[in-house]
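Across the two complexes that follow, chain A remains constant while its partner is chain B and subsequently chain C.
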Partner chain A sequence: MYDILTYIGLIMIGVGAIADLLAAIGMNKFWNFYLRLHAATIGTIWGAFVPIIGASLVAIGYEALGPYRWFMAGAGFVTAFLILILAPAGSHALARATHRARIVKVEPCIADHIDESMCVKKGGNK
Partner chain B sequence: MRHSIAIVSLVLFVLSMALLLTLAKQAYIPRKEVRDLAKIYLNTTYNPWNKKFTAMSPEGVTAIVWDYRGLDTVFETAVFYLAIIGSIALARGIGKYSKPTSDEKKLGLSLIVKTVTRITTVSIIAVAVSIALHGHLTPGGGFQGGATAAVAPLLILIAFSQYFLLERGVSKDLMLVIRSLGLAGIGLTAIAAYFIGVAMNKYAFVLQNQAKPLSEVSIPAYIDGQLISGTLWFFNISEFFAVMAGFTIVLILLVIPERAFKSSGGEEK
Partner chain C sequence: MDPAMINTFILYIIPIFIIAFILYIIRALSGPTISDQVLAIDAMTYDIAAFLVILSIFFREPILIGAAIVLALWIYALDIYIAKYLEGKEMGE
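Our next item is the complex of A and B:
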């Protein structure tokens, strides 16, 4: 029973490491601010929320810790929950403020339904 | 060109840090045994078997801050108080200013941020209170708890706009009252042992916590079996309110809109 938890937790930590790598590549390769914000959120949800849940599961599975493993797992779950609700809110606030203040144009853009004038079509007015 | 400069400076930084660490290792080797001063603190910070020389607090840092060098911390709090007074003096002469629109929903950030702020503000205040009230048991204390609690009004100011706080009575003046009450609490706790000594006709020091060889007066370390470490708990609570209110005053002053300064014309009202 506890072994299964440990393996699930280790898989989740591995997924987190891969997601962090992908998010780092995205941060370097993506074209504009909004897409890079998406990559950054991949790093916080898949690269922080998922591995923290995994670490909590590993802590529950590690019986040598005795009752203290519930404290570790509980702290991990609370931290993961806070990241889960704070990271999207933060990136949303950043993107919304940047878009409303018209600091960064959406480029290259296919459609911008909030504000068409922010949309810079590919090969357009460069 | 820029890239090569960046790479060269990075390499130079790493090499110089490595050189510094190599040299520092040769110059200073920490002793393996605990030093004498540290031994005194470790032996006296919580030692119920040596009632004449203990702070009765398992948290060494709080014991040092509020007991061993309590006067120092009182002066630090006074410095912080003067800094807040200075910022209030800078923002003097600002008359009342009204909301730009009557539409509540247009103020502040979007609904998503407001909802998340509603959840996190409560947990921030809960964590802050626990940091302050457990300051004599676990790492933390009044200042740390107060600084954490001040994040809650900061979040509300940014996510909900400042009028949200002002309309609910959280104003600069109320915070000033809370801050003054906290400072009065620190002052009263500092001289509590002295007044107990006067009442019992015994010698006692200002800022005394537990009994000392020269004076037998001590603030009770337990209330109903719960360890409160004498004065430390009261100091932490008072400092929590003083610091929380102090930071909130500065944050409220920081978000005053520019038109409020302009409408008052720089003259005192």
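Our next item is the complex of A and C:
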């Protein structure tokens, strides 16, 4: 019965690793902090939350661990739930502070209703 | 599902994670602004927490998961602290 869980868990770990690699590439390819937020969120949710859930599913069906597998699965689910809540809140706080402290201008900007001076139009009116 | 098959699968996954960490470190070192560096460290460390959980299955050491929970909480604290500092110092409310 546990084989199904193990297969699903291994697939989720694989998906998480690939998503993590894509997010890391995205972090280097995007040219602006606000665009990199998207890559960071992909790296965090698909690259961290999904593999932890997958690892917990694998841990449930892993007889070699004996009684400790339930501890691992439970702790894995708690960690995944924590990451699901903390990661977006943390990156949102960082983005808000960066925008209010004018550290990074909104480069490819169409409209910035919060603060017009931060918006750099296509022509680049610095 | 014999443990050997799980371990060989995870053995192939580990280099993908390591390459991703190297790319994150490149962004963290070269990031033009402080926020980029913090964002790269933030995303990388959440992935290190996930890597810890996967390693705890690979090495059959359940105690490693305790470190993953603490790491996830610590990185949230880093984000909030940096955001508070960036905002408070500049605006000086």
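To be clear about the criterion, the second predicted complex is superposed on the first by the 125 of 126 C-alpha atoms of A that agree within 3 Å, B and C clash if a C-alpha of one lies under 4 Å from a C-alpha of the other, contacts with A are read in each partner's own complex, and residues count from 1 in each chain.
Keep this in mind: contacts are C-beta pairs under 8 Å (C-beta built on N, C-alpha and C of every residue); 3 or more make two chains touch, one makes a residue touch a chain.
Computed from a predicted structure; not experimentally measured.
Undergrad: Assess the superposed three-chain arrangement around chain A: do chain B and chain C clash, or do they fit?
TA: fit
Undergrad: So, A:Val104: does it touch chain B (first), chain C (second), both, or neither?
TA: It touches chain C, and chain B stays clear.
Undergrad: Output check: A:Ser91 vs chain B and chain C. Expected answer is one of first, second, both, neither. What do you get?
TA: In the superposition, A:Ser91 contacts chain C only.
Undergrad: Is A:Gly16 contacted by the first partner chain B, the second partner chain C, both or neither?
TA: A:Gly16 contacts chain C only, not chain B.
Undergrad: Chain B or chain C: which reaches more residues on chain A?
TA: C
Undergrad: For A:Phe77, using the defined touch cut-off, is the partner it touches chain B, chain C, both, or neither? Pick first, second, both or neither.
TA: neither
Undergrad: Can you work out, in whole Å, how close the C-alpha atoms of chain B and chain C get once everything is superposed?
TA: Minimum over all C-alpha pairs: 6 Å.
Undergrad: Is there a shared patch on chain A that both chain B and chain C touch, and which residues make it up?
TA: 82, 86, 89, 93, 96-97
Undergrad: For a test of understanding, state which residues of chain A touch chain C in their complex under the given definition.
TA: Listed in rising order, the residues are 2-3, 6-7, 10, 13-14, 16-18, 20-21, 23-25, 27-28, 33, 36-37, 39-40, 43-44, 47-49, 51-52, 55-56, 58-59, 61-62, 64-65, 68-69, 71-72, 75-76, 78-79, 82-83, 86-87, 89-91, 93-98, 100-104.
Undergrad: Sort out for me which residues of chain A touch chain B in the complex.
TA: Per the stated touch rule, the residues are 82, 85-86, 88-89, 92-93, 96-97.
Undergrad: Which residues of chain C touch chain A in the complex?
TA: It comes out as residues 1, 3, 6, 9-10, 13, 16-17, 19-21, 23-24, 26-27, 33-36, 38-40, 42-44, 46-47, 49-50, 53-54, 56-57, 60, 62, 65-66, 68-69, 72-73, 75-76, 78-80, 82-84, 86-87, 89-91.
Undergrad: Considering only the defined contacts, which chain B positions touch chain A in the complex?
TA: 109-110, 112-113, 115-117, 119-120, 123
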